[in-house]
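Structures given as structure tokens follow.
There are two complexes below, and they share subunit A, which is joined by subunit B in the first and by subunit C in the second.
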Partner chain A sequence: MSWLSILALALQTAIGFQGASYALAAAGLNLHFGYTGLSNFGHVGFLLVGAYGMAISADQGWSIWVGFGVGIAASVVLGLLLGIPTLRLRGDYLAIVTIASAEILRLVANARPSEPLTGGSRGIGSLTSRLGFFDPSFIPEGTYGVGKSFVFTDRQLWAMLVCWGLVLVVTLLLRGLVRSPWGRVLRAIREDEDAARALGKNVVVFKLQSFVLGGAIGALAGALIVLNAGSVSPTRWIAPFTFALYTVVILGGAGTVWGPIVGAVVYWFVLDLADGVLNNLWFDVSDTSAGAIRLAIMGVGLMALMVFRPQGILGSKKEMLASGR
Partner chain B sequence: MAAELRTDAMAALDLVEATVGVAKPDSILVADDVTRRYGGLTAVEVDHLEVPRGVITALIGPNGAGKTTFFNLLCGFDRADTGSWSFDGQRADGAKAHVLAQRGMVRTFQLTKTLGRMTVLDNMLLAGRPQGGEHLLRALWRGSWRQQEADHVTKAYDLLARFKLDKLTDEYAAGLSGGQRKLLEMARALMTDPSLVMLDEPMAGVNPALTQSLLGHVTALRDEGMSILFVEHDMDVIMTISDWVVCMAGGRIIAEGRPADIAGNAAVIEAYLGIDHGASTTGTIS
Partner chain C sequence: MDLARSLRNPRVLLLLLALGVLWPGTAAGAQTPTTKPAADGVTAADEAKCKFTKQEAIEANGGPLGPSIWGRLCQVIDGKATFAKGATITVSQGGKEIADDTTGADGVFVVTIPGNGTYQVALDPKTLPKGFSLTDEDRAVLSNVQVNLGDQQSTFRLGEDDRGQRDLSDYATTVAKGVRLGLILAVAAVGLSLVYGVTGLTNFAHAELVTWGAIATYLANSAGVPFWLAVPIGMVAGAVAGLANDRAIWAPLRKRRMALLSMMVVSIGLSTAVRNLFQVAYGPAGKRYTAASGQLERSYGPFRLTPNDVIIMVICVAVLIGMTVLLRSTRLGTAIRAVADNADLAASSGIAVDRIITTVWVICGALAALGGTLYGLTINVKFDMGFVLLLSMFAAIVLGGLGNAYGAVLGALVIGVVQETSGLFIDTAYKFVVALLVLILVLLVRPQGILGQRERFG
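Entry: the complex of A and B
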């Protein structure tokens, strides 16, 4: 395989559905972590309820729209359930509760008694035709791209266009919100909760709004992942997924509007590039080692970023320095 | 010195007897039986206190007297074990801090709480009220809050000019000097149009020149009709600007009066110096 095709494949993943779905999920986390200062370490829990909401609805024979509704409604309930008791407390408690509840949700979905609903450890498969996500595709069958390596099938193209479209809509919505007085209160809470309180802001309500809204965006990403894959399995919604999303947010620049998009593209580009390079060296690297090494490379990259550009790719250095004082 | 501006509120205080728990002609804050315990320690035990309207009231006392605890209770930042108090005639005990702030009781902090990663102007605009754009559903509809925002910007510039911060509007608050941050916090508090300004050790860690400037600002607030309650250590500061002084020690109020009454009060001197000067230690000298 040529180096050019390795680059092409990495770019394909980065700007394809993978990148788009991570950008969407990270946009929700960015609202939590970047703008409100909430340490949500269980963002994957929101993705999980969105995903299962979609998959279970499809399994029942309901439409995609019901699936979105169920997933997002479930994420709102989850957000309120976790937020109401913990958002009054110090930030650390939210981190503890979110990471634990995301794990609980995954284990419950995975458990034998939930099999009739979630399919247990096998999950729910072969939903593609029931979902009918690819049916209204206006893109004629075939492949699209440049050369032999940088190609998308019509389905891939459809999925990525839908997902990037949603990313754009959500990002513009969030852009409007964070630049409004509402967003200003969130940033004030991130900087100092007590100061915001002393100026008459009902801090708990603002934090809850941010938490629920960001969670719903996460659920939307989860639902899209199911639409694209046509199946759901509990093994996917593990804590490292949340950490990957944190990497995306920090890479792009926490508390910036376009950061999650840039972060997601760079994340997948680096990860897949590492994969491609490792698989094409003059000596053999086993798949499992490659998987671990590429994450290690990502980790080193993140460390380098923290040293040389702690504000992330899009963040403002001046603003970053301000937080140190 | 220019002729002292004497407001009616100040003149009315002249007739008040300097006794603990004395009734004032017009009080903005009235507290009864307020206690706060930490395990076996009673940090605050105040039987009755009236904070007069339209004047500067100082809350003084040695370290550990319970001043800040009492202060935090009054503005809703801590919860009292017992007690009731009213602000502007309305019940205030049990009210959340942000509700009291909305009702016109605004506080500052001993360790200045400016919002570092926000600009000076954003710090100010945050405090502007009412702001419909803080409602999640209206936030996206810019037209519904643009005018309010514009009004707040005008007001913020006026206040910033008064506090000599108007050249720093676009700086991050974290980039300001310690003194400028104190000024910003005070200016920001004024954005809320408060009726009672509560200052927690406003002069702590401030150089003498800035102390003078802060004192000027505080008296200006009074002259505009606001009531001020501030916690302070520095006796010189207290004697210079306060119209009424409340002294706490051991969680209780041990003396109340005009600065001159307090300066000669044996209980106050004992509380500060820890020495029995041979004078009567029972309460106040009137």
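Entry: the complex of A and C
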């Protein structure tokens, strides 16, 4: 495989559905971590309820819209359940409670007694036709692209189009919100919670609103992942997924409007490039090792970013310093 | 709270700890092998009758086994081990059938496989002779049989399930196993709590300190060092890792005055990187210590434990008592508590804060390593074992009160016992869920944790 095609494949992943779904999920996390300073380390839990909401609805024969509704409603309930008790506490508590609850959700979905609903460890499969996600696609069947490596099928293009479209809508919505007085209060909380409280703002309510809204965006991303894959399995919704989303948010620039998009594209480009390089070395790297090395690169990257460029690609160093991070 | 205050009293705590573990210890006189009353169905004793070893398999095979999946279909009928003849076992990989074998009169099957890997092993229940049945009909296919050492035994449980019927000894044993897990958690998590106390860092990479200790011990053990001598080697390796952690990463970041939330994210990156490097260097498979195999459970009063279990608990209690003494009655302990209380005040009263923090990191590394090693003795030593334990450790220190070392011990015991005993009442798949739910519920009622000091929140 030539180096050019490795580059092309990496770019394909980055601007494809993979990049788009991460950008959407990270947009929710960015509202939490970037704008409000909430240490939500269980974001994947929101994605999980969105995903299972969609998959279970489809399994029951309900339409996509019901699926979105169920997933998002579940994420709002989850957000309130976690937020009301913990948002009053120090950040560490939120971190541990969110990561714990995400793990609880995964384990419950995975457990044998939940099989009738969630399919247990096998998950729920072959939903593509029942979901009918690709039915409204107006893109004629075929492949589109340049050369041999940079090619999308019509289905991939459709999934990309829908997902990036949603990313754009959500991003513009968030842009409006964070520039409004509401968004200013969020940032004030991030910078100095006590000061915001001293000015008469009900800090807990603002944090709760941010937490629930960001969680719902996460659920939306989870539902889209199911729509694209046509299946759901519990193995995917593990803590490292959340950590990857953190890398995306920080890479793009925490607390910036376009950060999650830039972060997601760059993240997948770099990761897939690493994958391509590992698979084409002069010595053999097994698939498990390649996957592990990829994640190790992500980990080192996250550390290095946090230490040397905490503002990411788009953020401003001044704002980072001002917010004491 | 009076209970909390009395628990914070070291003497009361020591007494509690001692009680929790010396009880099975003092009853160690009656060292009779476990036997349970024979009843209909599968009992522990019956299971022992059906036990099948590799030696027997080689004899039955009439020669070395070679790369294979082997086992014996055995059911206890009228109190006697009886073998199923003519049953078909099929081995497949990735949905493709590879080979099959039919059991002979001795019930033994040996299915030849191409080599190490993950296989699916299926027993065709229709081919079982009359009178034989699977304990759990859903377990006719073992979908994830991993072969790492050339050959692998596969077991199909046959006969009526009697596991639902428990006697007092079962309950006592489960509680004891919970205490064992809790003590291991406590040893592993005390360092996490101490580091949180003196630096405010919630260190996700603590998981990898735990794994590192277990792996270092394993490496020494597999290089020929007897296991119990390899344990201190693992602890030294852990202490060095703790020191390196602080010197290379956390001390410079403290100097930069990096915010705690950012440090937490750095620790996540570190954890991810190190865990995956472990996987590459050490391999994805779980490995066992030499001391881990070949131990039978014995009766210690109402408890059925292996000698290893008892040794583990004794070591943990000794270490925890040692830590209590260190924190309560030495100059170093006083300094640690002073730094945890108020670092600036400690510095102004002449305590070398940075040196204390480094010392805490060294202690943290050594204890995490010991916890990891002891945990590795109860399960396999695996690259992600610490990460699997991490949430339980977090739960333990939050439950006890963040930054309170005694709280961490108490929290760990609660989490360990809840995790193990919940399996008695509900599906074991939920045992971890129950532990985490306990954590969340306690936070709702008492946000500062069981022993934590009330602070002004929000």
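Criterion: the second predicted complex is superposed on the first by the 316 of 325 C-alpha atoms of A that agree within 3 Å, B and C clash if a C-alpha of one lies under 4 Å from a C-alpha of the other, contacts with A are read in each partner's own complex, and residues count from 1 in each chain.
Heads up, the rule we're going with is that a residue touches a chain if its C-beta (ideal position, glycine included) is under 8 Å from a C-beta of that chain, and two chains touch if they have at least 3 such contacts.
The structure presented is a predicted model; accordingly, all values stated were derived computationally and were not measured.
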| query | Since both structures carry subunit A, what do subunit B and subunit C do when superposed there: clash or fit? | reply | fit
| query | Mind checking the angle subunit B, subunit A, subunit C on Cα centres after superposing, to the nearest 10 degrees? | reply | 90
| task | For A:203, decide between first (touching subunit B), second (touching subunit C), both and neither. | result | both
| query | On subunit A, which partner touches more residues: subunit B or subunit C? | reply | C
| Which of the two partners, first being subunit B and second being subunit C, lies in contact with A:169: first, second, both, or neither? | neither
| Looking at the overlay, what does A:4 touch: subunit B (first), subunit C (second), both, or neither? | neither
| task | Examine A:191 and indicate which partner it touches, taking first as subunit B and second as subunit C; both and neither are also allowed. | result | first
| request: Considering only touches as defined above, state whether A:250 meets subunit B (first), subunit C (second), both or neither. | output: second
| said: Which partner chains sit in contact with A:97 here, subunit B, subunit C, both or neither? Use first/second/both/neither. | reply: second
| request: Answer with first, second, both or neither: which of subunit B and subunit C does A:77 touch in the superposed model? | output: neither
| message | Looking at A:88, would you say it contacts subunit B, subunit C, both, or neither? Reply first, second, both or neither. | response | second
| field | Shortest CA-CA distance in Å separating subunit B from subunit C in the superposed model | value | 7
| message | Going by the contact definition given at the top, which residues of subunit A touch subunit B in one complex and subunit C in the other? | response | 203, 324-325
| subunit A residues within the subunit B interface of the complex | 173, 176-177, 180-185, 187-188, 190-192, 194-203, 209, 213, 318-319, 321-325
| query | In their complex, what parts of subunit B are in touch with subunit A? | reply | 75, 77, 96-99, 101-102, 106-109, 113-118, 122, 125-127, 129, 131-136, 139-140, 142, 145, 149, 172-175, 188-189, 191-192
| field | Touching residues (chain side subunit A, partner subunit C) in the complex | value | 37, 39, 41, 85-93, 95-97, 99-101, 103-104, 107-108, 110-113, 203-204, 240, 243, 246-247, 250, 288-289, 292-307, 310, 324-325
| remark: Interface with subunit A, subunit C side, in the complex: residues 196, 202, 253, 258-262, 264-266, 268-277, 279-280, 284, 391, 394-395, 398, 402, 427, 429-430, 432-433, 436-437, 439-440, 443-444, 447, 455, 457-458
